[in-house]
Each structure stands twice: as structure tokens, then as C-alpha cells.
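Order of writing sets the chain letters: A, B, C, D and E. Residues in each chain are counted from 1.
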Amino acid sequence: MAREISRKGKIGQPPGTVIHTGRHKPELKISFFDYTESTLTVHETAKVEECLSFENKQTVSWIDIQGVHDIETIKKIGEHFRLHSLLLEDIANTDQRPKMEDYEGYLFVVLKALSHDTDKHTTLPQQISLVIGPAYVLSFQESDRDVFAIVKERIKQGKGKIRKMGADYLAYVLMDLVVDRYFEVLERFGEKIENLEEDIIHSLTTETVDLLHHLKREMIYLRRSVWPVREVLSGLQRNDSVLIRKSTKTYLRDVYDHSIQVIDTIETYRDLLAGMLDIYLSSMSNRMNEVMKVLTLIATIFIPLTFVTGIYGMNFAFMPFLSDPHGFWYIIIGMAVLGAVMALYFKRRGWA
Amino acid sequence: MAREISRKGKIGQPPGTVIHTGRHKPELKISFFDYTESTLTVHETAKVEECLSFENKQTVSWIDIQGVHDIETIKKIGEHFRLHSLLLEDIANTDQRPKMEDYEGYLFVVLKALSHDTDKHTTLPQQISLVIGPAYVLSFQESDRDVFAIVKERIKQGKGKIRKMGADYLAYVLMDLVVDRYFEVLERFGEKIENLEEDIIHSLTTETVDLLHHLKREMIYLRRSVWPVREVLSGLQRNDSVLIRKSTKTYLRDVYDHSIQVIDTIETYRDLLAGMLDIYLSSMSNRMNEVMKVLTLIATIFIPLTFVTGIYGMNFAFMPFLSDPHGFWYIIIGMAVLGAVMALYFKRRGWA
Amino acid sequence: MAREISRKGKIGQPPGTVIHTGRHKPELKISFFDYTESTLTVHETAKVEECLSFENKQTVSWIDIQGVHDIETIKKIGEHFRLHSLLLEDIANTDQRPKMEDYEGYLFVVLKALSHDTDKHTTLPQQISLVIGPAYVLSFQESDRDVFAIVKERIKQGKGKIRKMGADYLAYVLMDLVVDRYFEVLERFGEKIENLEEDIIHSLTTETVDLLHHLKREMIYLRRSVWPVREVLSGLQRNDSVLIRKSTKTYLRDVYDHSIQVIDTIETYRDLLAGMLDIYLSSMSNRMNEVMKVLTLIATIFIPLTFVTGIYGMNFAFMPFLSDPHGFWYIIIGMAVLGAVMALYFKRRGWA
Amino acid sequence: MAREISRKGKIGQPPGTVIHTGRHKPELKISFFDYTESTLTVHETAKVEECLSFENKQTVSWIDIQGVHDIETIKKIGEHFRLHSLLLEDIANTDQRPKMEDYEGYLFVVLKALSHDTDKHTTLPQQISLVIGPAYVLSFQESDRDVFAIVKERIKQGKGKIRKMGADYLAYVLMDLVVDRYFEVLERFGEKIENLEEDIIHSLTTETVDLLHHLKREMIYLRRSVWPVREVLSGLQRNDSVLIRKSTKTYLRDVYDHSIQVIDTIETYRDLLAGMLDIYLSSMSNRMNEVMKVLTLIATIFIPLTFVTGIYGMNFAFMPFLSDPHGFWYIIIGMAVLGAVMALYFKRRGWA
Amino acid sequence: MAREISRKGKIGQPPGTVIHTGRHKPELKISFFDYTESTLTVHETAKVEECLSFENKQTVSWIDIQGVHDIETIKKIGEHFRLHSLLLEDIANTDQRPKMEDYEGYLFVVLKALSHDTDKHTTLPQQISLVIGPAYVLSFQESDRDVFAIVKERIKQGKGKIRKMGADYLAYVLMDLVVDRYFEVLERFGEKIENLEEDIIHSLTTETVDLLHHLKREMIYLRRSVWPVREVLSGLQRNDSVLIRKSTKTYLRDVYDHSIQVIDTIETYRDLLAGMLDIYLSSMSNRMNEVMKVLTLIATIFIPLTFVTGIYGMNFAFMPFLSDPHGFWYIIIGMAVLGAVMALYFKRRGWA
């Protein structure tokens, strides 16, 4: 639930007040990249001031900040790039819903990067904020799990098309990476659901049901993080600012397709889990029925028989058959016949 | 349910008849603010006439009225600002659905401010009406819980941007405050749902279930108050009157995002509560099954055995083994074997 | 169900055949009003011919007909005002869905007026048809419950704005009255639902559940009558014919808001009733569980004990303890210990 | 289920291959009408060639074919009127979904005519295809139940407006007839649902429940046939070809309203049936509870008492009271008291 | 579940990296067709280079590749036809959602061809990718089940219109074939559902219920494959590039109608299966009730009677009737009367 909302101590502040609300307070790490196809400048764990001196429209600059609790750094960057105060507020407040906002001169994108905690079978979200300018990209990561490590490596090695393209392509690559991780998370859930499907039919324990309910709950959170991403990406695609080139839009359409695929899979998982709950409930009631049938079978056969023995256990002075030498056997046979008749009746009605 | 509808004694009145329908009748309090960045006039608990003498297009005037049961005051203000009679009717009738209406020359906004009653775990609604003119804002609060106290303080102290901006920005700040309180209310519910989640697994009592149903009901009311707010805010944003400046629309987009986040959270809570009801019901049927299994186990083992003792309790003159010195032990051993066989059969079928 | 569909004897008739299909056949009553702000002509229970002689574009004429089974009268009016034959068919056929149709020269509106039958806790619908022309309004009421009595009084007394305004305002007043009555009906249901909410927790009887199901069913009918009204009113508002003046549209927006509020409340009631059914079902299964636990407790403690008494009730010649003077007490104590152990075991597992 | 899909032997054929897939193979009947207001030519059970010689733009020609299994006839007509091969394919394949297609020069409409089989309580569908040209209408009926018999009679007798109007009005009359029959079918279901409603409360048998499930299933099929009709009719209304005159569109709006009313009623019936299933399930669980309570009452009172008799049935040599002359009565009274106490306890907890 | 997602080893790769992710690795087969109405060139199982030499705008060229695991072949074709790298990535990655993408100069379509595995009652999907150029069509099939065999035959024999039409018509024929197979799969499911419907009423076993849940799950997968096809086909129809001629759009409308019909049927099947689950659950609870009633009947009749026998089995020295010669019969008759009374009471309350 801690994943939900935590705007504590924020209500009543003037709008645009930058306050950090997250749980993560990693050591601040700043990575600075300034590149063209042929040139490359890299600063890592640098002070923010070093990154701001550069500003060259011919090169692509990327500043990646890990840790959004350092309000001062965010403010400095904000001033340098003339960012709106509401935008800075949103970067520091890590309870945003994924969204895309078109400010004049730059675009602002908020996403949730997900990773999977295999021990607790839960999903760990991390807020990613991107500011996309004409020749720069600013990225803010909430925790110290570096989602973008692969891209940094790729830029350094000059692999792929990335060094040849503009800031919008870099932004695309970053968003593509975030969406790609959703597949990773889904794959893990997929495996668990597959196992669950077999368990629910063959070896149903309380743990199975608890896991089922747990997965249903995880899907609710997952869906919440991913649904708005679709709108973000379709918004970027339809956006008519000069910031996103036409060639990049073809790539954005691709990420958009991926996001739809992710949503589709989440919905399928939800349907499957709902179906499993149905299976569980009907198998529960099935077992109950079986147990009840056995109880009823035993009880209805033996209760009348016991009644008969009760009769012959009474201490009346005069009772028929009592002193007959074969009396006992008459009664035993009588009871056997009665029991058989009742058992047969049961079989007929399909109860046993 | 009293929260629902109470238009009693209203049906059949000519349209535009101003009638108070609310439950709150607080002492009437009027706060008047007239300010520019450098000047400030404040009247508190003044008579309404004092506020109406001012009218200066250069300054921003804000009249805040707490208590809408005083029809005369509302009518005086209505006449002074030439407000439509239907609008006045809506201010006094506190059962409005949140809405935004575009009258020529001013905008009319109705919202529900919520606060949380921690004793009864319920949400207390209060109707807030705003009239946004070119250089004035009128605000009407239903009860004496002053939602806007913080803004009044901020204006007096000249903190934040508020004194530098126009009437539309003031209106934004007031609406932002109302939406911000929704987070406060949601946070309380969030905590309760979190507790509930643990209780439902570990210590399930009737109170837990009652609370679960209570929270589900509260979510229905909450949703009802907040859903239309989204439309109100998107309406204001899309509005093309000159009353809302472009710079203010960036801020309105922010409140709009917040309202979507609130709705999102309510829907997530609803999903979670529905999931908990599923957990509760399946754990109930689980327990039932367990209890039934024990009953069946005991009954099916002992009923046949008791039948056997019944047989040997019969008073026939001639019965096998009766006079055998070890007869008793033969039967006891026979019964022990029978009991063991049945217990084993049960174990095999997974019933015990 | 009689409320549903009854087009008996109609199929295969040529289109435009005017046939009455309703249940109500009240005495025909015609009210005729012809007014300006200063002049007023009234005919009540007049013959239809008397009303048709008037036709003066300067005055507003209102003909209100109670009882639509008199086909001849409808046809005469239809001819006089040159109404389309399909429209006349719809007036006489009282199973229409609320709708708004734009014929050239006049608008046609069908609504359902509702009133509440307190004895049977049901809603009585009545079809209201309005024809709105440039200077006239025709209204047709199905039964003799006069929904418009208040308006007639108001016109006669010259109260309110009604005499100063045109035919479109009159039409608005009539529709406003119909929608206002929905609140009345909802209020009654609201009270009943409130009572039900308490009953379902404190004193649950079969009647409570029957009422619950009954109210659910009533909500289905209510919803069916009110949903289309929203479209009717938004259609009138968006309509660009000259028949509806701009000033009247502000009023229509108000009725439209009311209709949304009514729908909102119906949906809330449906949600609440669905929630109550959940409460009922979970409390039922709760009780069942309680009863079963007691049964199991009693049975599992006494069945083994009875088995022990059975053993010592057997008539073997040689059994241990039988002749021991304290044998009886040994066994009694043994049984007491066994019973206590089982009761404790139950308590531990939380079953009693 | 046979109602669903039966494209057997069709897959892999080149598009436009005309193959009959239906179940009905009635005797082929062709009716030909050629009329103006004053003239009329009729051929019945004629050969298709006789109908094709006529082609006069001044008159309206209507060819009605009953039986679509005669591929040759369909092809001849298709060639004569220059119809698209896909259209001919759709006429012969009677598993179409209702649809409207705008070919250049003519419109193509597919509908499902329904009739009610009172014996099996099911709905019998029949595919109706219409081709609407500038001065001709072609209609194809799947079976020998002649849906259009009334219209044929009306044309012959010159009743109604039909002879005065064009081909588009004729097409409207035919479609109106098809939609009118839906009301007939719904009426039958309405009656059955009404009966069911009473049965479910007063005399619940297995047949009632089977009927309930049967009606739910019928509603699924009904809905499937009628939903697309709405789109067909709104498509015709919005169509801007010259084939549909403006005056006819007023009539089409009327059929469109009817189709919405039919859909509305189906949805209401579905809601009612779902509500009845709820009633049934809660009354089932109610009965179960009652039965269980009685069992528990009896068992919990008598099991302990029987245990007591068991104690005094043991054969110990020394037991208290045994030889006391009033011992029997002491025990009997003791048991009576115990039984009364337990019954009282039950009453208190509301179980009996 | 393996049907879901398998992008293993892909995350972090630069965009446009062509990696095969499917399960099928059939022997690579390439079919090349180059035709006009009068000429025809065919290469089968040729090397890809042979196909690429042809490029003649006057003829239609079709390259069909079975097996998408051979990355090199895909890349060669991609280079030759200047296809976007993202498109090549999508061809090799066989976990795409059906989609249509408009690249400049060619269209890209992804579909899922389905076939039915009668042994496991499951649906086998196969990804089909189509590239539609001005005078060529490229088709990629994932497995060695050749979906297009019939078309190849038809081209060779010059049957149908196919040789007379352009590349867009060829593409239509291929898509039509894919959609046609959906009907085949649905037909199989339809038969199974029909059988299930009877089984669920007459001979309900655990297998029936398992099949029911299995079919529900299959419908989830089926729906997932078919829903997006609708959008693909409506996208192609609305597409305004020169690649799709107007005459071909009439054909595309036809496939589009088919896809809607398929979706419609899937939804109907889902509704039917949900209805069957309801039937199953209510019949389960019905049986449970029956069983419980019998148990209760037997128990409530015999438990009190057994108690009576217990009383007379007690060993008190002095008990009434014991030594009376008819005592036994008095008690027997008394018990018979008691039993009859209880049975009657049961009958009255409708429990037996």
C-alpha cells in the first residue's frame, strides 16, 4: 500500500513548491554525455555545475540524475534550462501518474520503470522523468538501480545508431528501455501463473490460493503503472512540435505497439487469474460435495442400523426373537439387507 | 444516505427560486480581500454591503462567504454582480453535482470539499461554489470548516506568487486546495485498507468484514464526489473565454492531473476491496470445508464402530463370541482395525 | 412486467396508423391557455374545436390533453397543426422510449413522468408527449394524474417569469417539472434503502431480502425511464433550430444537470444495493458457519464418548473393569478427560 | 448452437463464390410486383426470367424471392441488375451478421427476421437480404415463412400510402415489418419472464431454474441478432446517396427508434433474469440454512442425551442410582432439563 | 502460457536488432510467383537470391517465406526492398500483436493464423507477416503449416480472378484466407460447446467442468488473437495510400465484416460458457441441498428414536413398562408414531 500515495506534509503549500516525497534516497549520481557521431564528452558522478557549462546546439547533451531527493540540484538544473516550477515539483514528487506534458520549448514525460523482486514476488516501481529539449535530454531516476546503464555503455562504445541521431532518438531509446523491462516483469508473472495453473488442478493448498490472490493484487498495481504509458506514447506520436522528428515517430509507434502488447497481456493475465479463482471455487465446492456425500452415505446407512441394535438392546422382559437360538442371525441378515438396499438407493441417485 | 438528496419542499417552485437545502447552518462569516502585488485591503466578518462598494478592475477582489443559508446575502451579491438566478439557486442548494458552467462574463464552478471524520471512518462533504469574474472571485463555503484559511494567510503575508497574479490564478489556488484535500482523505483510507489487508489474512473477525463493507460503501460516495471534478477541470482548461489566461491553464492542467490521480487511486482501492472480499469469501468457505472434514472424519470412523458395539449390546440369548473369554478383545481389535482402515482411506483421499 | 411492452394488435399495420396501446383510459380533459404578459384566455374541459380557433403568433398557446386514448381528438389536433402521422402514432402508443425529434417547424419530445406508489413500493410511469412550435406548446398526458397542475395555477396567477416568456420557456418549465418529480421518487427510494441498510445488519428477515431484490428490480425500471432523458435534454440544448432561444438554453442546461444528477443517484443506489446483497450473502454464510461449528463441536465431542459407553454396554461375559467397584468411575473420568482434550483442540483451532 | 456458424465446405474457395450454407431449402417462390399509384402488375411463383423483362424507371419493381438455395436464380438476378459477386455470396450464405453496405448504384441490407417457436420456447431466425436500387427492391427470404405477406396484400389492395411512394419507402416498409416482429417475440418472452418472476418466489422447482437458464441463453442469441440492426438503420439514415429520399428518412428514424427500444428491452430482460438468478441462489442458500439449523437443533439436543442413556446402559457391576427405585426418574428429569436448556440456548442465538 | 510472451535475451538490444524469438524452426521454404493474366513464373524452395532479380512493375511478384528463424534471408529481402529495420525485427519476433503499419511506399500487416489441435482441444497460432508494395507482396509464415497452399494452386491453375488483379488483391486473398480459418476453428469450438451444453444438464462429471474451464481459457486466447484483426482491416480500408485500389476496398470491407462476425461469435461463446458455469454452480448447490435434505431427514427421524431405545437400554432396576408383557410393543408403536409425525412435518415444509 505504501506504493500508493504519500503526499504527506505537502497540502497547503503554494503551487510549484519542490518537495521530495519518495522513499528512495540513494547517493546522488550525475552522468553527463555530450556527443555527436564523432565526438564524445563524458562526466560521471560530476557536480551538476560541470554539466551546465556545455550548451552547444550542434551536439546532443544528456544529463542523467540518479536520486531526486536533492532539491538543490533539481532547482539548479531547472533554472539553467528555464523549466516550469510545476515540472520541478513533479520530478521531486515520486507519486506521479505516467504523463506527457507539452511545455513551450520542451516536452516533459513521466514513466514508471518496474523491476521484479523475486523474493517477495512483487514489483518495485521507480519513477523516471524525462525532459526532452531541442538538443538535450534530462533524465531523473528515483533510485540507484540504473535503468539506463546499457544505453550509457552503448554511447561510450558508439554501438548502434544512437550516436548518429538527435536528442529525440535518445529519448526514444530511454523510453523503449523502460517499456522493454515491462516484458521482463510480465515474463516472471507469466511463469508463476503457469505454475499456478497446474497447482490449482493437481495440488491445491492454502499457499496456492494466497499466491493467486497475491498475483491478482499485483496485476492491479501493474495495470495502474502501465495503462497511462499508452496515452503518453500516443501523445508523443501525435505531438506536432518540432522536437520530435518524423523519422523518430516511426520508432515511437513501435514502443507504442509494445505498450499495447503489455496492457493486452496484463488484461489476459487478469482474465486467467479470474478464471483460476472460478476453478478454485468450483473445485472447493466439489470437494465439499464429495465429503458431504460420504458423510451422508455413512450416516444414512448406519443410523437406521444402529437404531435396530438399540431396539434389541432394550431391557424389556418380553421381546420377539430374543430367546430364539437363530434370532441374532435373523436380525443380522435383516440389517445387512437394509444396508444393501440403502446403498443401492444411493448409487441409483448418483450420490456415491 | 442523508448525503444523497434532499430537495424537500422544492418541487413545483418556479425555476430560479433560491432555497437553502443543506444541513449546515454555521454563523455567517464574510472575508473580503482586495489586493495587488503592493496593496492589500482586508475585511473579515464584515457585512456584505462593505464588500460590494469596491470594484476596481486594477485590483483582484475576493469575497469568501462561509454559510449559504442566508438567502438575503446571496441575493444581494447576486444583484451586485448581475449573476443568473439559476446560479444563485445552485449556490444555496447544496446537493449539486460538481460542475462548471460558462455564463457570459463569468464562470461558475461547483466542487465538493471533503474532510475525514476519524471517529466514524466516514467522509464529510462540503459544497464549494466559485464565481470567477474578470477581476473578482466569489467563493461560497457550506460549513464553518474554513477550507481556504491557508490561502487567506498567504495573501496577508504576501507569500508565494499569489499577490502577483490575477483572479484566475486565485481561483486555481482555491481549486487546487480542494483537490489536495482529497489526497489527505485517500491517505487515511489507504492506511485503513492496508490494515484491513493484514487483518483479513491473520485475524478475521466480524468487525473486519463490517469495516470492509463500510469502506466499499465509502468508496462509492467518494467516487461520486470526485469523478465529475475531472470534467470540471478539463472543461476549464479547454474553455476559450478570456477569463482564464494561458499561463494559468498550465496550472489547471496540473490540478487536472491530480484529479485523475485521485480517481485512479479510488478505482485501485475499489479493486483492492473487491479482491479482499474474494479472499474473505474463499477463506470462509475454506474454514467451512475444514470444519466439515473434521466432522465427517469423526462421524465416519465412529458411527460404524458404535454400530458394532450396538450389535454386541443386543440382548439375544445366543450370540457368537459372547461367552468366549477373549471375545471382548477380538471385537476391540476388529474395531481398531476397521477404524484404522477408514482413517487411512481418508488420508489417501486427502480429506484429513 | 406489464410496464414493458404491449404493442398487441399493431404488427402489420401500415406505418403512421394511430392506435392507442396504453392501460390508462381516463376521462378526456383538455386545458387551453392563451397568454401574453398582460392577457390570458383559459378554457378547461373544452371540446378540442374551441382550442383550435385561436392562432395568434403574438400570444403563447398551450393545449394540454389528459388521456391519449381518444384517437379522434389527436387526429384533429394533428391535422390542425399539420403534424407528421408518425408523431401522432407515437403519442397514442404509450410504450415509447423517451426521445427528441426535430421535425421541420416543430420539435417533438417524449418523456416519462414518474410517481411513487407508497403501498406497493413501486414506481408508476406516465408518458408525456410535448410538441413545441414557434408560438404554441401541445402536451399530452397519459393518465389523469395531472403533472402540470402547478404550472396551470402559476399561469392563472401570473406568478414567476412564465407569462413574460415564450413557448420554449413554457416547454422548459413543463420538462423541469417532470425531472423534478424524479427527485421525489428517488427520495422515497433513498429512505427505504437507508432503512434497509440498518435492517440488513441488525434484524435480517426474509422480508428484508425480498425488499432488497424488489428495490434492485425497481432501479432497473427507473434507470430505463431516466437514462434516455439525458440524451433528450442534451439534444434540445445542442439543437440549432430557431424554436429554442439562447436564453432558454441556459435553463435547459440546468434541467440537463438535474437529469445527470438523477442518473448518478440511480447508479449510486444500484451500487449500494449490490453492496447490500454482498453483505447479506456473506452474513448468511457466516451464520451457516457458526451453526456448523456448533454441530461439529457437539458431534465430535459426544460421538467418541458414546462409542465408549457402547463398548461397556456390550454383553460379553468377560470385560475388563466391569466388576471392579470403581470401574464405572475410571471410565467416567477417562471420558471427561477425552472430552476436555477435544474441546481444547477445538478452541486452539479457533472453531468454537 | 446450429444457429451459430456453418460455413462448412467453404474455406479456400475464391472470393465471390456463391454457395448456399443454410438449413432451409423451401420450394422456390418468386413474387413480382410492378406498380405506380394507378397501375399494378403482379406475377406470383413465376420464373425469374419473366420478372427481369420489366425495367421502367417510372414504376417501382419489387422482386421477392423465397428460398436462397437456388444459386442459379440468384446468379441470373445478379447479372441482370449488375450486382457485385460478394453481395450474391452474402445472400446465399445465411450466416451473415445484419449489415448495410453502400455499393455504387444500390444499397445492400441484411437483417434477421425472428419468429417465436412456442413449443420449444426458442426463437427461429431467418435471414432477409434487401437490395435497394433507384426504382427497384429485391428481397430474399431464407425460409418459406413469408414475412412480407401483409405488404403484398396491401399493395394489391392499394391500401395505405405504399403505392404512392418510391422504392425507398417500400424498402422502409419491409424493414419496419422485420423490426415489428421483434416486439412480438419480446412480448412472448416478457410473459414468460413475468411468470418466472412469480414462480421463483412461490413455487421453485428444477424446471423453473432450467427455464431461467434457457431464457438467459435465448437473450444472448436475441441480442446478437438485434444489436447490429441498430447500426444498419442509423447507417441508412446517415447515408447521403440519392437512393434514400429525405421524406423517407423521417420514417427510417422511426424504425431506428424501434430498434433501440427493442435493444433496451433485451438489456432490461437480461438484468431482470440476472436479478432472478440472484434471488434463486439466495433462496437456495436460505433453504439450506433452514435445513441445517433443524439438523443441528435435533443433533445437538439428542446426541448428549443419548450419551447419558449410553452411560446408564453400561454393564458395570457398581453404578450410582442404578438400584435406586427413583433412579430412572432422576435421570429422565435430568435429561429433560438438559434438553430444555440447550433448546433455550438455541432460541437465544436465533437458530431455531 | 508459452503462447504468451517470450522476448528472452532481447532486452537491452539496440532497436531494430533482428532476433528470432519463436518456437517453430521449420526447414526454410521460399515460393516465388511472378505473374500477369497471361504470364507466370514460379520458383519453389529456391534460394532467396533467385527471387530478388525480378523486379518488373508490370507483373505482380509474390515471395512467400516459410520459417522466420533464418535471420540472414530476412535481412537480404529487407535490404533488397529497402524495408525499415523495425519491420524486420517484427517479422522475426513472433510475439507480435496483429497490427497494420503504413510505411512510406509499402504497408506492413501482422496477423495470427489459427489452426485447431483436435487432440488437446487447443488452438495453435502462427504469425503471418505481409508486406504490401506497389507491385509485390512478401509473406512470412512462422511454421511449416502452409496457410496459403490453396492460393498457390489457384495462381498456378489461373482459376478465379486472382491472375487478373494487382498486388493489393493478392494481399486481400491472403488475409481472407487467414480470417476464413478462424471460422473453421470456431466451428470446432462450437461443436464442443454444444456437446458441453447437453453434458452439463444430463451427465455432469469432473471432466465436463474441466473442459468448461479449458474452453473459457481458450476463448481468452482466441479473443486476444482476433480482436486486433478488426482494427487492422478497418485501418486498411480507411487507408488513403495509392497501394490499395478502390475496387479492392470493397473486398476488404467483406473480410472486415467476417472479422466482426468472428469477434461476435467469440463473445457469444464467452457468454454461453459463463452461463454454463452458472448452471453448473447452481446444479452443484442443488445437489448439495438434496443430499443434505436426505441426511437431515434420516438423522432427525432416527436420532430421537435411537434416544428412546437408549432409555430402555439403561440398566436401572426399576423402569416403567420393562416387565409389562406388551411393553415392548407399546414402545415400538410409540416410536413408529413419533417417526411418522416427524416425516410428515418434513413433507409439509417441503424438505423431502
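The criterion applied here is as follows: a residue touches a chain if its C-beta (ideal position, glycine included) is under 8 Å from a C-beta of that chain, and two chains touch if they have at least 3 such contacts.
These figures come from a predicted structure and were not determined experimentally.
Two copies of one chain, chain A and chain B, form a contact in which under half of the residue numbers belong to both partners. One inter-chain figure worth recording: chain B and chain C are separated by 26 Å, centre to centre, where each centre is the mean of the chain's CA atoms. Centre to centre, using the average C-alpha position, chain C and chain E are separated by 41 Å.
In chain B, 285, 288, 292, 295, 299, 303, 306, 310, 313-315, 319 are the positions where the chain touches two or more neighbouring chains simultaneously.
Because contacts link each chain to exactly two others and close back on themselves, their graph is best described as a ring. All chains join into a single ring; listed from chain D onward through chain E, they run D, E, A, B, C.
If you check the complex, the residues on chain B that touch chain C are 1-2, 4-8, 10-12, 14-16, 84, 86, 95-97, 99, 101, 103, 206, 209-210, 213, 216-217, 220-221, 224, 277, 280-281, 284-285, 287-288, 291-292, 294-295, 298-299, 302-303, 305-306, 309-310, 312-315, 319, 321-328, 331-332.
Put simply, chain C touches chain B in their complex at residues 150, 154, 159-162, 172-173, 176-177, 180-181, 183-184, 186-187, 190-191, 193-194, 197, 201, 250-251, 253-254, 257, 260-261, 264-265, 268, 271-272, 275, 278-279, 282, 285-286, 288-289, 292-293, 295-296, 299-300, 303-304, 306-307, 310-311, 313-320, 351.
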